[in-house]
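The following pair of complexes shares a single chain, chain A, combined with chain B in the former and chain C in the latter.
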Partner chain A sequence: MSTAALAPRARSPLRIVVWAVPIAALLALLPSVVDPYGAILLAYGLVMAIAALGFNLLLGYTGLLSFGHSAYFGLGAYAVAFMVKYLHVQSMELFILGTIAASLLVTFLFGYVCVRYTRIFFSILTLALSQVLWSLAFKFFWVTGGTDGLRVPTPKLLGLVEPENADKIHFLAHAYYYYVLGVFVLCVALMWLIVHSPFGKALQAIRDNETRARFVGIRIRSYRFVAFVVSGIFTGIAGALWVPLNGLTTPDILYWPFSGELVFMTVLGGFHNFTGPIVGAVAFNYLKTYAVGFTVYWQALLGIVLVVLVMVLPSGIVGTAQLLYAVARRRVGR
Partner chain B sequence: MNLLETKQLTKYFGETHAVDKVDFAVGEGEVLSLIGSNGAGKTSLVNLVSGLFEPDSGTILFRGADVTRESVQGRIQAGIARSFQIVNLFDALTLLDNVALSIFSREKMTRRLFSLADHQHAVWQEALDILRQFGLELKARELAGGIAQGERKLLDVAVAYALKPRLLFLDEPTSGVSTREKAPIMDVISSIVRSHKITAVVIEHDMDIIFKYSDRIVVMHEGKILASGSPEEIRRNETVKDAVFGPTHA
Partner chain C sequence: MDILVIHLYNALLYASVLFLIAGGLSLIYGVMRIVNLAHGNLFALGAFMTASAVGQWFAGSESNWLYLLLPTGAVLAAVLGAVLEPTLLRRFYRRPEEYQLLVTFGLLMILEDVMRFFWGPYPISATVLFEKMGSAKVGEWIYPRYNLLVIGIGFLAAIFLWAFIYRTRFGVVLRATSQDMRRASALGINVNLVYVEAFTIGCFMAGLGGAIIVPSQSAVLGMGVDALVLSFIVVVIGGLGSLEGALVGALIVGIVREIGISVFPEIELAVLYLIAAAVLLVRPAGLFGRAA
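Now for the complex of A and B:
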């Protein structure tokens, strides 16, 4: 057999373009074919997809289950709210830069502590640290607004100011939707590059066999630390994009059930593949929205969905779709 | 000159003296076998030298430099690599990925976050060449978790070999495989090790394998070195016969 036949097929970005461009085009056309509410709902989904992508760098690629990613999402949201309240910043680009700086600071600190541990100890530690941030946001109400939260007005996008009398819903469903879509595409491309880099391979090696990874010369803790920081920054950026959509941030976003929602989204889509968390986040967003509108017992409904999901579709929506596709191809090939 | 030397190397696990003040030396280019009954301290000694365990006391010198407190990564960079008694692979990755990871790590490329691994053609070519040397190239795209035990043993050694070590520890490279497969596996490993002038320390229980492939044999018993010599000397050594094979051994 020739070397060419055995060597890995190079993952050219051009090959990805074949399926990524139609999806991006579909997403770009959406605001002109659905009502503003539909576009805003999808913008929420894309924001959550960025957070889930970040979260899955730890779970799917490094084998670390964080129950504290609400901390970084909330950090992004509060970083924006603080910049508005105390620095009177309005620029969305400055919000994102400020969020990256704040996420770097906090993930360096939290990551330094957390990556020393694995399995349940890592999960509990991330949960505990996220609750520290939640309690600070809750108790220091003269800074954070307490349970009333902090309001965030419509931001300036790329230096452009919205007219005073502009319709906020129209702004969120169009200009802001496209802004979120742009950042989403950038985040997906960046994360795709990271997980397919030699660094990404090293993370997968650590996930699969920590001892062997050490004995091929990989410094486990350093790589986990970098993954932790990158994961936190992605989730922080999602928080920064979320808060202008929501118009308000409260301590709820730092509370542990939101970390659980990120886990749910990722499991729903499937954490063993790259696109799983994206699909899971968008699907969860619709599921939660319609469940809330359908019944007051929406948490119970979501719980039942999660139980069924784990039992029937352990590889998530994308994993199951891939499985069915492979079966169909085999049958056609017979 | 010795490539590796340990001086009074000691590791106790409670009351068990796993490695007890061991002075052990391996010469450059040697293929040395480490033998002894179960619990003699062979694997513990390898674990100490490779950095899996920290010694209680004693010194490890590699190419004259003290590596006693060196990290596992530091020892790998110095030229020490190992395979494992119970195969240690990345089962969810392909054979090619397993070997390529060693090369990426060796070349310090795993620090790169923003370059595509698949575009590092030289790495994949080298990984494929290594698999070919070990007779595994036709399974390059298969998952390591799905191949036969003998192939897994070879891959385990190939992953260590890809680090380009000067000293390679092979912890029972034929354990768990059928008698028929043992000699072919050792033939492959021995030919690669000797042709690349890699110093090798082999832990093995199969005496036919040991006598056939070793330049020198070191016998361990109850954490200490009992004897050292050529295969012929060890074969004739009565103390070794009693301690390793039992007093009834003819």
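Now for the complex of A and C:
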């Protein structure tokens, strides 16, 4: 694990506000500027950003590479689909609450097994366990719809019912976009608090030097376990937000190559940064969309991007940008 | 009673192919400490190569010489391995695991589309090899002779590999490099050469697995990704980096799967994963693994 510091300089809250407020305002203005397709595409990106943010609590802050985060994303998606199919729930808030409960249950179970291991064994174990969920979704087709998946209709947001004849595209590009944006901002704020809390510092200490962290008195396994659970819940919430956008959930999002995509986007943005996974997820979403539209061999295209990225820009978009910014500042002589 | 023999054959058939894939994965990890996520795609590549050689280039032929085309898939996989190791993977041995996994994941995506490019999106079969051999009688049941051949090849591969690693000079060099790369290097062993050779053998095994299974199934896109997850179960049960472990793991998975298909088909895969998780809880490094 690299020991590069995640936050080299202590940042005052003011500086963050100076950065965050214009970006949030820009994101809020977007649906009235771009076409509905652009807004929906960005909504997908923001959903993935929440998932990657959760994922990075393990990779970037705790030093554990999970190759099984598709499990929690898919869990969120299927939790919503089950609530629609069997409990006839329509409210998005209930969906999210239900997803949190389901994620808690599964991450407790999986986390209990997985956090006993680190490094490559942790990766393989998380991958293997995530495929348990995939095989269940795949085989119990009378419950899960098998490869056909389950359809999820337009949910009720904040208890408001959409008119019967409302245009679904319009709904997704406006009301739902703002909903996703709201949850996104909440998640980012919450994650910021988590990683800058004493708990977050303890995780980073474990990542940088396990032995010393234990010596200082940090209970390593319980901290890793809590990080695992929190990470899974964030990714689960992303899954829940993703379903209404997609309208359908299939076993594909539980299959392990999707976990690989989550790792891909996080590294694309740079996992030594707080903002890296966010930038990476949004960028990856655009990259994949355009690659799929550009060629049938989009997978190879993404694969080449990944290989080149890992060889040339291991610190990702944000890490490289910071580096260039630092170099430029030094040139100017402050 | 005879039905039990048939079930046993099926379990061994499955175990043979799994051993070839997982054994290669484990060998590569044992020597180079890298988990190759694209390993399953080398298995698929072997399957596609043999299927197209038998089923497309020599389509319609009924000659017995066709069996000589069987190893083409294994050879192609080995050649690809010999090219990939020094050009791409070698620079990642010293990097953290996340980069190793990512670069091999990228390789997986590329290989998947390379196969789509060369062989198209439709399944390819080489059933002529399967049909030509006919069936053997097992009591009052019949069993395809080709499957017995696959079991035999798997068995032979295991013996050859054992003899190669424990009874030859190269095997000593390989084990020395696996145990302590620096010291082996200091003793005058050309470590880079050992790396290429080990990787090539691992890829050859995966390709051979694909080549021998393709006449009884067919080559389809995505088969590599499926195979990789199953071979992960094998190496987790047996211990990553151990060939004995891969053999025992493959046998366990083969038997459990054969029982699963007839007794609990819905949760057959889930049971396999749960066995793997249970083994890890009891013996963290797998049944035959070294402590991490």
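Methods note: the second predicted complex is superposed on the first by the 318 of 334 C-alpha atoms of A that agree within 3 Å, B and C clash if a C-alpha of one lies under 4 Å from a C-alpha of the other, contacts with A are read in each partner's own complex, and residues count from 1 in each chain.
In the analysis below, a contact is a pair of C-beta atoms (placed from the backbone, for glycine too) under 8 Å apart; a residue touches a chain by one contact, two chains touch by 3 or more.
From a predicted model like this one, the values you see are computed outputs, not experimental measurements.
Asks: Check the residue A:Leu14 against both partner chains and state whether it touches chain B (first), chain C (second), both, or neither.
Replies: After superposing on A, A:Leu14 lies clear of both chain B and chain C.
Asks: Return first, second, both or neither, reflecting whether A:Leu59 touches chain B, chain C, both chains, or no partner chain.
Replies: Once the two structures are laid over each other on A, A:Leu59 reaches chain C alone.
Asks: Given the touch rule stated above, what does A:Tyr223 touch, chain B (first), chain C (second), both, or neither?
Replies: So A:Tyr223 only meets chain B here.
Asks: So, A:Ser197: does it touch chain B (first), chain C (second), both, or neither?
Replies: In the superposed model, A:Ser197 contacts chain B only, not chain C.
Asks: Give one of first, second, both or neither to describe whether A:Val33 is in contact with chain B, with chain C, with both, or with none.
Replies: Touch status of A:Val33: no partner.
Asks: Have a look at where A:Val263 lands relative to chain B and chain C in the superposition and call it first, second, both or neither.
Replies: second
Asks: Looking at the overlay, does A:Leu160 come into contact with chain B only (first), chain C only (second), both, or neither?
Replies: neither
Asks: Of the two partner chains, chain B (first) and chain C (second), which one does A:Thr211 touch, if any: first, second, both, or neither?
Replies: A:Thr211 sits against chain B, while chain C stays out of touch.
Asks: After superposing on the shared chain, does chain C or chain B touch more chain A residues?
Replies: After superposition, C is the partner touching more of chain A.
Asks: Mind sorting out which residues of chain A both chain B and chain C touch, each in its own complex?
Replies: Correct list for chain A: 1.
Asks: What residues on chain A touch chain B, complex-wise?
Replies: Where chain A meets chain B, its residues are 1, 3, 6-11, 193-194, 196-202, 204-205, 208-209, 211-219, 223, 226, 230.
Asks: What residues on chain B touch chain A, complex-wise?
Replies: Going through chain B, the ones touching chain A are 50, 52, 71-73, 76-77, 81-82, 84, 88-93, 96-97, 100-102, 104-106, 109-121, 124-125, 128, 137-138, 140-141, 159-160, 163.
Asks: Quick check on the complex: what are the chain A residues that touch chain C?
Replies: Chain A reaches chain C through residues 1-2, 59, 65, 67, 113, 116-117, 119-121, 123-125, 127-129, 131-132, 135-136, 138-140, 255-257, 260, 263-264, 267, 271, 296-300, 302-307, 310-311, 314.
Asks: Okay, in this complex, where on chain C does chain A touch?
Replies: Going by the criterion above, the answer is residues 35, 37, 88, 91-92, 95-99, 101-103, 105-110, 112-114, 116-117, 225, 229, 232-233, 235-236, 240, 265-270, 273-274, 276-277, 280-281, 284, 292.
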